[in-house]
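What follows is a pair of complexes built around chain A, which joins chain B in one and chain C in the other.
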Partner chain A sequence: MKRRTFATVLGTAPFINLLPMGARAAEARPQVIRISFPGAGTGGRPIVGGSFPANSHLQRAIDEEFKADGIRVEWKHFPGAGPALNESFANGLTDFAFGHGDLPLIVGRSTGLKHKVLMSAGRGGDSYFVVPAGSTAKSLTDLKGKRIATFKGTAGQLTTYRFFERFGLSDKDFKVISLDSDSTLAALSTGDIDGTVRAPFDVEARGVAHRIHEILNDPYITRPSTVWVGEEFEKKYPEVVQRVVTRLVKVAQWSTLEANREKQLQLWATSGTAYVDYQKGWESTKDLRDRINPLLDDYYQASIRNSIEEAKKYKLVRRDVAFDGWLEPRYLNNALKDLKLEDYWPQQAADGKVKVPGRKL
Partner chain B sequence: MISHRLRPTVVAAASLLALTSLAHAQGAAPAQDDQATIDAKTPATKADIQGLRTDLENYKYEQARSAERNRAQTTRNTKITGTVQLRATWQNPAQNAGAANGATSGNTNYQATPRQTSFDVPSATLQFTGNLYRDYNEGKNLTYALGFAYASNQSGNPTSLTSATRTLGVSASNGSQFNLTNANLAYSFFPTNGGQEDAKGTLTFGQQLVPFGLEAQADEEVRPVINSAQFSNTLNGISQRQIGLIYRGDSFVDVDYTNNYRQALIEYAAGVVNGSGPNKSDNNGKKDFILRAAFTLPADYNSWLRQLKVGASYYRGYTNIANTTSNAVVRIAGSKVKGIDISWTHLPWSISYEYAQATDDALVGAAASATESSPVYAKKAKGQYLNLAYTWGEQFLASEKSVAKYDDYWPKSYQAFVRLDSFDADTRDAATGDKTVIATLGLNAFFAETTKLQLNYLRTRNDEPTTGYTQNRPRTINGVQLQFQYGF
Partner chain C sequence: MTPPLQPGKAGSAVFTGLRRFAHAGVGLVLPALLYGLWLLAVERRWLPEQILPAPSLVWQSLQELWASGELQGHLLASASRVGWSLAVGGSAGLLLGLAMGLSRTLRDYLFPSFDVVSQFPVLGWIPLLIIFAGIDEALKISAISIAVTVPVAVNTLKGIGNIPPALFEVCRVYRFTPWQVVRRMVLPAAAPSLFNGLRQAVMQAWLTLVFVELLASSEGIGYLMVWGRQLAQLDLVIVGMVLIGAVGVALDLALRTLESWLVRWRPPAF
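Then we have the complex of A and B:
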């Protein structure tokens, strides 16, 4: 276990005044902030793309935020995805999760992991069901009894099950095997699996696979991912949490600007995921704020509640997951207020439709 | 008023406007776009594609050339691994010379004088494992293992029971042995590619470790203490690899999807083996049998009760009793080993306890005059150990071990432990000089992926033989062992 030695000097007085009395008694600052991503780049490189939290790493925004304070930021990228991040947190080795998927987030809470949800890490997008190039399957029904790959324990597992449901099927109709992203790609190429849910553009361009289904921008199929902080860290260092959140919101706003679209797509492609997957995957998103959205709005909350019910239905959790008291929106609200972005992002209703449009640009 | 002779500046401006319009019409980037946007809108030329094609061809050529000239090849999927131990030891009182083997008569193969220190390479192993048949559909694979181990013949250490085994035992002129260790085929009857929730079941045929307790089935590279528990080195049947057929499996599997933590309520093993040890045909007409079952308490990953396991093992064997004068086998003797084990691992803490009791038919009288009617008695031996450990660091966490890094990063771990290990080779009150208790304090530093540094302090206490303590069997021995173990 890593030990923390705590700095004794308070250096964030302006922020302290914004915080409630209980928080003022908290310790001032840590020596290191450990931020974890539930994923890694191709071949295990420590880069991910596809979200504004990823941009905060690619641009070293959080490092910059704390550089003057001498606080080191330790970035962790787990090829073992959400479950590996849970293990790290359970053993006291992670402070923040940047983009945890719904299933590992929920399962972690069900088994006693104590974290506070700070903001949504992203949402929306299209989903595709892909089969090997030589497959004659025209629909999921043709694949009954066949091997379908998903990375079990990750958000992708529930997405895959929702895909099955959409076509009147269930996981019991297939032989669902667990493979990580790199292995799934390799298995598609060699025909060792019969299908999977993933972006199709790169594999189609290479003649490796092709899509048989696409579900475009359906808020039921895709669910928001989450930025959270460990409860203990949040209690000890509320001002640090506030600075992380505020910086993240700044990065999120930068990421929504159309002028920065290509820049960030190319940054994301350094992770090893093909540029074309990002480029085509975001092509239909005309307003980037629709997907790069940190709000904990009705849609975020309803989505997580729905995912809890699904996890129970598929027996992926053994006990109830308490939703009350899990979200801690005050840091996000402070940041939106400080940055004058309160009306910047569109707010979605529980069904995913726009409830309050974002500020006109 | 506009002149019909246009001024040059107007012409220039008009030309620029026309060019800009043309550029827009052709999809060129407007001036305000950043470089990334301009790049995204710029189509590749044929020359660009040819350049890429050349790079690809060069890469393919290099790969083919390298594969043909510089890479080792195997017929089947193969993984090569190995472990080497480098050790320095000190002990007090000094280890006695090997008088029994004539060492003091000038035979340089033997230890001629007492010594307190030694540098050793006690073990070096080489393993080949791989797939002979890979079942892509269900993962019911046929795998193989082939292993060799070097062992020093002068591996003197403070825990050996007698002078001869402690210091000598030389049988090869170069002072070492190189033996086949693992040689087996394993077939998985259960799917292995469905996910962690699938039960396991594998039948292994050939030479292999025996599924008895915890320590006897731990491979050399994962044993926590430099010296294995005394009983696991000594008792008939379980102290060595055996040749035979063993089925290992588990049932009632539960996965905590928090971190994909897998636990099986029941693990089991059953097998039939020769019982005569490695690299030997069966030395009698009876086969030995092994049974083991272990129960793991169902618990979430975050529960303090996770990885609490209780196991029971049973080995039924047959050994040959010989007349040591004629070397004729006069009797096939029964041999039983029963054991229980409890282990709990919840990092940073881990505890393991193991108890084993052996019952062997043994001659009442002298072996030199034994006949088939010589009376035998049930000789009982018992051994147990308790190991408590505290670990700092992340090396035993799958998430931290696999965390993405560019360099040769490996999380470091440090482990402090204490072990109490007791063994009584004959539990009869009248039998003395055969009970040893070893207390070990240790520190393990796991500082690279396959390398650890182990420092053990051992205090060995022997019970007194009827003839009194000797140089070969002093009352206490203090020893220090420092060992690097590296693997590849």
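Then we have the complex of A and C:
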């Protein structure tokens, strides 16, 4: 074993000098790549759905990519969602985040966590305000002073607050409690909460709850989530980062194909979230590229900047969050170029309107 | 527990005073060491700053939260929960303890069940309580009340058990009514044990409080701590811990003062 390693080193030695300085300084490969999802399936099972990074796990794409190199991929799913992912990263136990929500991402950076934004993990979609089946409330105004559940510290909190704002209300008008999604569902069924923001289809079909408001495809209410890499990892293993990103973009492209819609909906439903919630939730998305989009375009950047302002306004961060120097689009651009997908996805302007439409299919 | 001073020995009094001071000072050594360790750990970055905030940041957060009135709000919410639970659980425990202590029959009926039930940790009650009481205030008050009932009842029972039988005989001789027995003899005689139970109860109440406030709350010290963790502001968690400690010490002191006032009839060198 040892001899072979030695031989490998000798064998590669003549080529080392051909590599650029930066690459030579960087260690060749890690033993393990630790990839974290800010969430888990129903009952904490290690599966999530709803995004192309989730597909990369469900299809074992990254594992496959690094199998030949003997690099192990360790997948982590946190029932404690985005905040738990931050703790894991702070403790040095995470290299990549596959789809961090805006609030925990910003909170992490505000506390000095050092990561580089690689690409957007998904965007768009509809939001619904749901109340228990027995509720007589017709609108959010009827629920003033009532108990509203959201998973505080996650992107869902800001979405809920934006919902309040849209109806001229604020978090101060309600008793906002923190529950994770499993508990929210249970509390909705027992009437222990008076409302929440979540997908309505499954709970309506089961007669547990119904929607009172829907905000459809509003780029201001929903915000993109983010794929990032730890700064240290990125510095040490830039080539590994490139391969992860390129593979992810490949998976993203697969995920946008209409032919694969049904297949991935089925895959996502293995997380325990009802199939119907995914199916109906994506029904109005005729071109999957509108939501499965990895670009760090004007819309992505404006959204994150907006979310930073909101986090400050609601005093969810206490230190300033610098946007500059956070994004590292190099890897994404390389991947798009390599895969000849530079014009594949639509580019959105800051307000969410399509600026440059995606390639004609 | 003041040892009676010997007259004419002023030097010894000064010495005793010094020794007491030294005793108090020794108690500060461990906290000082811990504080030093904390400072060192922060300075040397043994733990990431996101996990272990600097003492100065904790102090700053404490001041900010106090100035904005937020801290008082949380404290008030928690204090009212503890207050209600002490009232409900404390009276239940007292009645239970008195009943079992004074009536042999009731004791035979109740004690075995009570003994078993009191072995459950309060946290074990929570899932069941959620089903019956929901996740609202009722859950919090009932969980804390259970935590309070047990030590109060146990200590009341113990206090009564330790009353010398002779005192009961005196009551019989004086033909006391049952109420008189309780008020004039049992309560004063069992007071030290009762207060012991109450102090344990307060401690249990705060422990349980923090746990139940982690569930579905929007205010309270426990909530502040969860919230701090969710937002990666561990300084808030430490502020919560400091506050719970401070309130605990204050309550304990208050109870001690109340106790010594209530049993002031006792000779000082008991």
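Operating definition for what follows: the second predicted complex is superposed on the first by the 338 of 361 C-alpha atoms of A that agree within 3 Å, B and C clash if a C-alpha of one lies under 4 Å from a C-alpha of the other, contacts with A are read in each partner's own complex, and residues count from 1 in each chain.
Here is the rule we use: a residue touches a chain if its C-beta (ideal position, glycine included) is under 8 Å from a C-beta of that chain, and two chains touch if they have at least 3 such contacts.
None of these values were measured; they are calculated from a predicted model.
Partners chain B and chain C, brought together by superposition on chain A, clash.
After overlaying the two complexes on the shared chain, residue contacts for A:175 are found with chain B and with chain C alike. Once chain A of one complex is fitted onto chain A of the other, the partner contacts of A:93 are limited to chain B, with no touch recorded for chain C. When chain B and chain C are set side by side, the one touching more residues of chain A is B. Once the two complexes are laid over each other on the shared chain, residue contacts for A:257 go to neither chain B nor chain C. Of the two partner chains, neither chain B nor chain C is touched by A:276.
In the superposed model, A:133 makes contact with neither chain B nor chain C. Of the two partner chains placed by superposition, chain B and chain C are both touched by A:108. Residues 83, 86-87, 90-91, 107-108, 110-113, 147, 152-153, 175-178, 192, 316-318 of chain A lie at the contact with chain B in one complex and at the contact with chain C in the other.
In the complex of the two chains, the chain A residues touching chain B come out as 1, 40-41, 44-47, 76-80, 83-88, 90-91, 93, 103-104, 107-108, 110-113, 147, 152-153, 175-178, 192, 259-263, 265-266, 279, 316-318. Chain contact summary for the complex, chain B toward chain A: residues 34, 36-37, 39-40, 136-137, 193-196, 255-261, 300-303, 347-348, 392-394, 397-400, 402-406. Across the interface of their complex, chain C is touched by residues 83, 86-87, 90-92, 107-108, 110-113, 147, 149, 152-153, 175-179, 183, 187, 190, 192, 316-318 of chain A.
Taken together, the chain C residues at the contact with chain A in this complex read 48-51, 134-136, 216-218, 226-227, 229-233.
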